[in-house]
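See below for the structure under consideration.
Chains: A, B, C, D and E, in written order; residue numbering restarts at 1 for each.
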Amino acid sequence: MRVASTIARELLIFAATLLVTSLIIFMVVNLLPGDVAGTILGPNADASSIAALRTTMGLDRPWPLRYLEWIGGLLTGDAGRSALSGQPVLALIGPKLAVTGWLVTLGMALAIVIAVPVGIAAALRRKHLDGLIWAGLSQLGMAVPAFLAGMLLVVVFAVQLSWLPANGYVRLAEDPGGWARHLVLPVVSLAIVQSAVLVRYVRSAFIDVLGEDYFRTARAVGWRFGSAVLRHGLRNASLQVLTVLGLQLATLFVGAIVIENVFVLPGLGSLLLSSVNQRDLPVVQTIVMIQVALVLVINGVVDLVARLADPRLRAEATEAGA
Amino acid sequence: SSKDGGSGSQAQVHDLVVGATAAPDALDPSTNTAAAISQALLYNVYETLLKVDGKGAYQPLLAKSWTESPDGLSYTFTLEPNARFASGAALDASAVKTSLDRIGQDPTTLATLKSQLAAIDRVETPDPGTLVLRLKHPDNFLLYFLAQTAGIVYEPSALSTLNQKPAGSGPFVFSAWSQGESLSLVRNASYWGTPTKFDKATFKYYADPNAENAALSSGDLDIISNVQAPQALGQFKDTSRFTILDGTTMSEVVMGFNHSRPVFGDIRVRRAINYAINRPELLQTVADGHGRLIGSMVPPTDPWYEDLSNTYSFDPDKARSLLAEAGHSSGLTLALRVPTLPYATAAATFVTSALKDVGITVTVDQLDFPARWIDEVMTKGNYDMTIIGHAEGRDIVKWADPQYYWHYDNPAFQKLIQQAQTGPADEVNGIMKKAAEMLATDAAADFLYLLANLVVIRADLSGVAENLTSDSFDLTTISSKDF
Amino acid sequence: MTELLSVENMVVGFEGASRPTIGGISFTLRAGQRLGLIGESGSGKSVTALALMGLLPDTAHLSGSVRLAGRELVGLGDAKMARIRGREMSMVFQEPMTALDPTMRVGRQVAEVVRLHCARTGSGHTRERVCRMLEEVGLPDAERIADSYPFQLSGGQRQRVMVAMALINRPELIICDEPTTALDVTVQARVLDVLDRGLREVGAACLFISHDLAVVSQICDDVIVMYRGQIVEAGPVAVLLDHARHPYTRGLVATARLDEVAPGARLRVIEDFWDASQERR
Amino acid sequence: MSESTPEFALREVRRTFHRRRGRGAGTVAAVDGVDLDVMAGQRLGIVGESGSGKSTLLRMMAAIVAPTSGRISFRGHRIDSARPRDLGALRSSVQMVFQDPNSSLDPRMKVADIVTEPLRSPLVRGRGDAPADRRARLVEVLAEAELEPDIARRYPHELSGGQRQRVAIARALAPEPDVLLADEPVSALDVSVRAHVLNLFVDLVRARGLTFVLVGHDLAVVRHVCDSVAVMQAGRVVESGPVEQVYRNPRHDYTKTLLASVPSIRAHRG
Amino acid sequence: MRRAGLIAGTACVGVVVVMALVALFWTPYDPGQVEASQALAQPSAAHLFGTDGFGRDIFSQLLVGARICLQVGIVSVAIGALVGVPLGIWAGMAPGRIGRAIMRVSDVLYAFPALLLAILLAAARGSASTGTAMVAIGVSTVPAFARVAHGATRSVMARDYVAAARASGIGWGGIARTHVLVNIAPVVLVQTSTSFGLAILAEAGLSYLGIGTAPTTPSWGRMLYDAQKYLYQAPLQLLWPGMFIAVAVLGFNLLGDGLRDALDPRLRTGRHDD
């Protein structure tokens, strides 16, 4: 009974948070000077026709009304229509979200695949040259802007060697091979920076773990160093890294915006940028809302996973409700 | 790119992929100003009664022929009898009337288009094959605008969904659109005229010019419709793979002055700025030398073009003395507010340095384009100088509108434009020349240069127009050596 | 009795330290013998224990000779050393709160020690053996304890689990590094009792480290006294308590005897016996 | 101070915590209905096993932790729910020494600043008879705690454990308190330094006639320093009385276990 | 060995600082001076790093860019720290609900992808300029500072020296000043250093998207943006600003890590390291 009520309370708090978030987003977005009427009419329009169009489009109605309309629509699964094209916003966002989703997920996955072994190596060999080199490389990886890395990758692998397409995107359903080939470079550029950041966390998590008493215990009962790292180190370090992963997600979305730009991926980022420029506010506010909500939700999920994976936190969660 | 539609025995699918920079955000060119809509759809999906060729002459399209009454107050068009919409519906005089009346009467259509067709009093359809336009007053520019976006003939039954699903009579039909990403057309199998060779044509949009170039290099594109980074043209110098077309557009890059500011009421200041800027060098650094120096608001493809680029040749000393005369010897500070467009920001860099040499301090800031720039500069007039390309055809007439963002109010100029529009047709060129000269000598703005029409195409393709004379990227004339 | 462990001139130095932390100590331990190692904080007791286990950090340098049942341990590779640790020689650490892996049930942690060293034991059999061992160390509710995570146990329970882990493979030598210092007196008494019985049961030798002479005197037969990395005195507990030769040892004995002083009277301190400053120069 | 009003009077004091982790998660009654009087000049020892609520009790007496229910008065004034500014009398005359000198000394303050910190408290300064010259008081109090004056310029991590605890004692003595509360002040110390600190306590308490409350788990220590003792178990006081009486003649089972558990030097195990 | 990072970091940061200082008094050329005839000159004695497409001296631009880079870092980190740290301390010291509410807000802010915030703010402020970028980046670092300060404050508040101070009658303000602020300083310092690097990267990112620094301001990010079009023609153009961005970010990161390591022994008082 109490479990249910705690969950309900948490969900309620989460919903309230989202509501406040939506209000903030709406305010910020609607404070943007300039509006879509100007975009539609272009540089050859005159001021009076812009004003006329504003009225026609209802842009001069009071903001609380527009907010309620938007949030009401969102709750019923309808985010309104693009002010520019008149397409339903969600229909517009859907396919883009898939692209960004692939990019972020694969980028994160690749980053983890790179970062975990490298981070472990950097931690275990931190007093040796190779460990220092790994750590140094990760520092360097963090210092290079992602778009620069992306551009260099394009020059080498797409333009010089012609191994991979320079940019663009093919839908998975249309052509899986092409889809994969188009995603390689963007995912790699995103992962380079992300993994560099992760390596640091993995490294320090492992250094922490190696200094823990239980690690010494593990060795004292007869585990070899390497086995102790795998049996006891990985478990505990991954718990630490897991919490970081959730937080990294926000930065990953940002990284995705830039990477989408470099590789002309039709993702949320490029849609957001152009919508901001053109003040297609229904699109902008919905994208921002989706991104923030996604980050919050995924953080919540990561938190939950961390709780389930860590018996201490798990006990906390169940006992709080029991 | 041409892909085999399977193993050898099957027919090849010929498909054309065109890279473009600005992506359309809506698809109805009559309600949204974005040139990108017409770029993809005009002449390809949509057709007009007539068309302007590369030399500025009118060619028949949906109208087989036309006549003008001697008083200039009515035009009679004989329509192409075979013409029909892609849906199969008949394209007759009443369909044309619906489209033209919509521009004039529907409140949602663009004011610019309305003003272009403002001379039309009423449209008559004596029989399905004949269309008569009755004018309020003679208009020498009307045929030109009828050949452009304003004159598009839309399928009457599809008017309400044009923003999502264009419907016209061209050799291509609209197939799919992914906002910001691509727009694809497929061959209109039942086209009434000469069909296209291509089964499919796709416009792909690139916000980043480098990405666009890279895509052509790596074979993802067949054509770049307009190279945004001329500096990178070197990539395509291999003539066995690519052909580079370097023609003209209609887009005058204008450094506009805000004439409502007292400082620009003084012609000496305007002249000084014109003298201070070395436009040949500017063209070289900003556009790698591609483009034209024009000196006024007329592209070379207009019949009344003359080269006015030497009206104010680079002369910084003269600029300084003019400024001193105008009382700015102790210095002058001006706000240059440019849109976030590559050529505009690059030109701003050059201009800032050049004006600094003659004692004008320029503070540059960049405004989001389009929304923010339009709001600040056009609507609010909150600027001293700005730089933007005016791509619309015959936009010199804008200088006759004192409400327009330059706030240039020159009655003599306004009178000339009025005369050119409504006077005898054979005097138009002469009057327009005078008007263009007047703008130039009055230093109404600094007409920096005309954007080049830099098109890179795969070497086997041909038929792409060198000079751009409309908003359209006309696919109908393109063909390949290989098929 | 035969010599189980013999340490000869063992020197341990840390990178960056000016003088070695352990300055060449030698002692021996017979099978079944219980040897106490006492000394003040920082005298090098834990370092000695870790050196014997081969668990010194990378920054430490070990030289001299450590022989366990005749086999030289100094310079032995990690793989070989790992086979000795937990089977022939095991260790109980000071901090019961952190010495167990917080993410693993304790039963599994104990079972691992079994499986690690005897490859052919079925898991059911192991479980049974673990539970029996847990009961032996005074955890009657063994099934429940085995299924608990360390944080669900009290300090005393955890320390008994550690003792169980140390004893379960019946090693010949158990090193206890201040196993009760972090515990309550009442709990300490219980753990010491368990340890005492366990050692007797298994017949293992024990190196028992503490700073508390009273505790050592309850467990051990012999004591060595360490001071600043050196052994200053060694001998049977009884002898050492009453007839310590070294003044430092006498001071240590005196400070531990709170009960022999009248309440409120001045307690005697080490410095009454031993002037540390002269040694330091 | 009249003999009749105690310095501290605790009635039915309870304190619960919501614990989220570890054993016994849920609501824990750390102190569960304690009645206690501490008279002026009394030297009271509180003993009990870990987690029995000793520290919590002491912290409530210092008004660092508020009781969940019950009353605590200091010299007749309620302090259990008082607002900070009403605690003037308590703050200026009661000082506390903590168990772990590592945690109770700010690692980024010099000894001089640590010791004189209470003198900077507005409540202590407002007392009137508080030492005015901080520097002079610093020298005095360091000497009282048997510390070299040059220690004043050092940081805690540059000191030995015994020295650190003496610095903590010096801090407590600086504002010349009447009452000293000590929470296991020697538990974290080596036996070999324990004697030093205990000697210091005995001397100070006697010389200044301090009211002294000492929390410890070691009955031998309590017996050495205190005149009376209260034994706690699971948040309650199970036995109290003069220390010799309890020591020689424990009545409660728990007290007996406690006494039996204290390790003493035995000649040789049987 | 751990000092090596600190030294390398200090050296990198030192290079940037020296460049910025030099730029205050002297640059070989006016960094905005367009010299069309000199466009894309190779590195030479006259132009140490060559010239860009406008014939502007790259070295001069890099020098001024260093100043802008530090300026962006200082201002944005100052905003982040001055808002975030007090918030974090407040949340860490305030009991229960208030503290949780503050951190909740900070978490929401954290979920706003930083660049997103910057884009919106840049758009809101209208013209994209270094100033906007600095404010935007600053605001987006607030939650990170709040988080770090909050955590550190919580752990300081659990220490007995705080209890001792309270027992002596020191008020909340006094505790915040004498104990909390001083003890969380190292963690905040490390965060500051890391944020500095992130701010530099963020500025570059914004400039790359064309919403950062104005065209005539030679920030390194802006230089990268301008150099893009010469990717094939003159790749060095891209390399110089890219390299200096990397050096600066690397420097601040290493400095942060080095400081963390250098300050660590004191932070971990539990172990005897002395």
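The rule is short, and it goes like this: contacts are C-beta pairs under 8 Å (C-beta built on N, C-alpha and C of every residue); 3 or more make two chains touch, one makes a residue touch a chain.
Here the structure is a predicted model, which means the values were calculated and not measured.
Counting only chains that touch, the fewest steps needed to get from chain B to chain E is 1.
Distances between chain centres, each the mean of the C-alpha atoms, put B farthest from chain C.
Chains A-B form the pair joined by the most contacting C-beta pairs. Farthest chain from chain D (centres taken as the mean of C-alpha atoms): B. Note on chain placement: the centre of chain D and the centre of chain E lie 47 Å apart, centres being C-alpha means.
Rounded to whole angstrom units, the spacing between the C-alpha centres of chain A and chain E is 22. Spacing of chain A relative to chain C, judged by their CA centroids, is 50 angstrom. Taken residue by residue, chain B touches two or more other chains at 208, 210, 235, 340, 368, 372, 376, whereas all remaining positions touch fewer. Residue positions 21-22 of chain D are each in touch with at least two other chains. The set of chain C residues that touch two or more partner chains comprises 151-152. Against chain E, the residues of chain B that register as touching in their complex are 208-210, 229, 231-232, 234-235, 278, 281-282, 284-285, 337-338, 340, 342, 345-346, 348-350, 352-354, 356, 362, 364-368, 372, 376. Those residues of chain D that touch chain C in the shared complex are 21-23, 49-50, 161, 190-196, 198-199, 202, 206, 217-221, 223-225, 243-244, 257-258, 260-269.
Of all the residues in chain A, the ones that touch chain E in their complex are 17, 20-21, 24, 28-29, 31-34, 127, 132, 139-140, 142-148, 151, 155, 159, 247, 250-251, 253-254, 257-258, 261, 272-273, 276-277, 288, 291-292, 295-296, 299. Every residue of chain E that touches chain D in the complex is listed here, in rising order: 159-161, 163-171, 174, 178-179, 182-183, 185, 265-266, 269-270, 274. Partner chain D is touched in their complex by these residues of chain C: 40-41, 151-155, 183-189, 192, 196, 211-215, 217-219, 221, 236-238, 241, 251-253, 255-259, 261, 263-264, 266-270.
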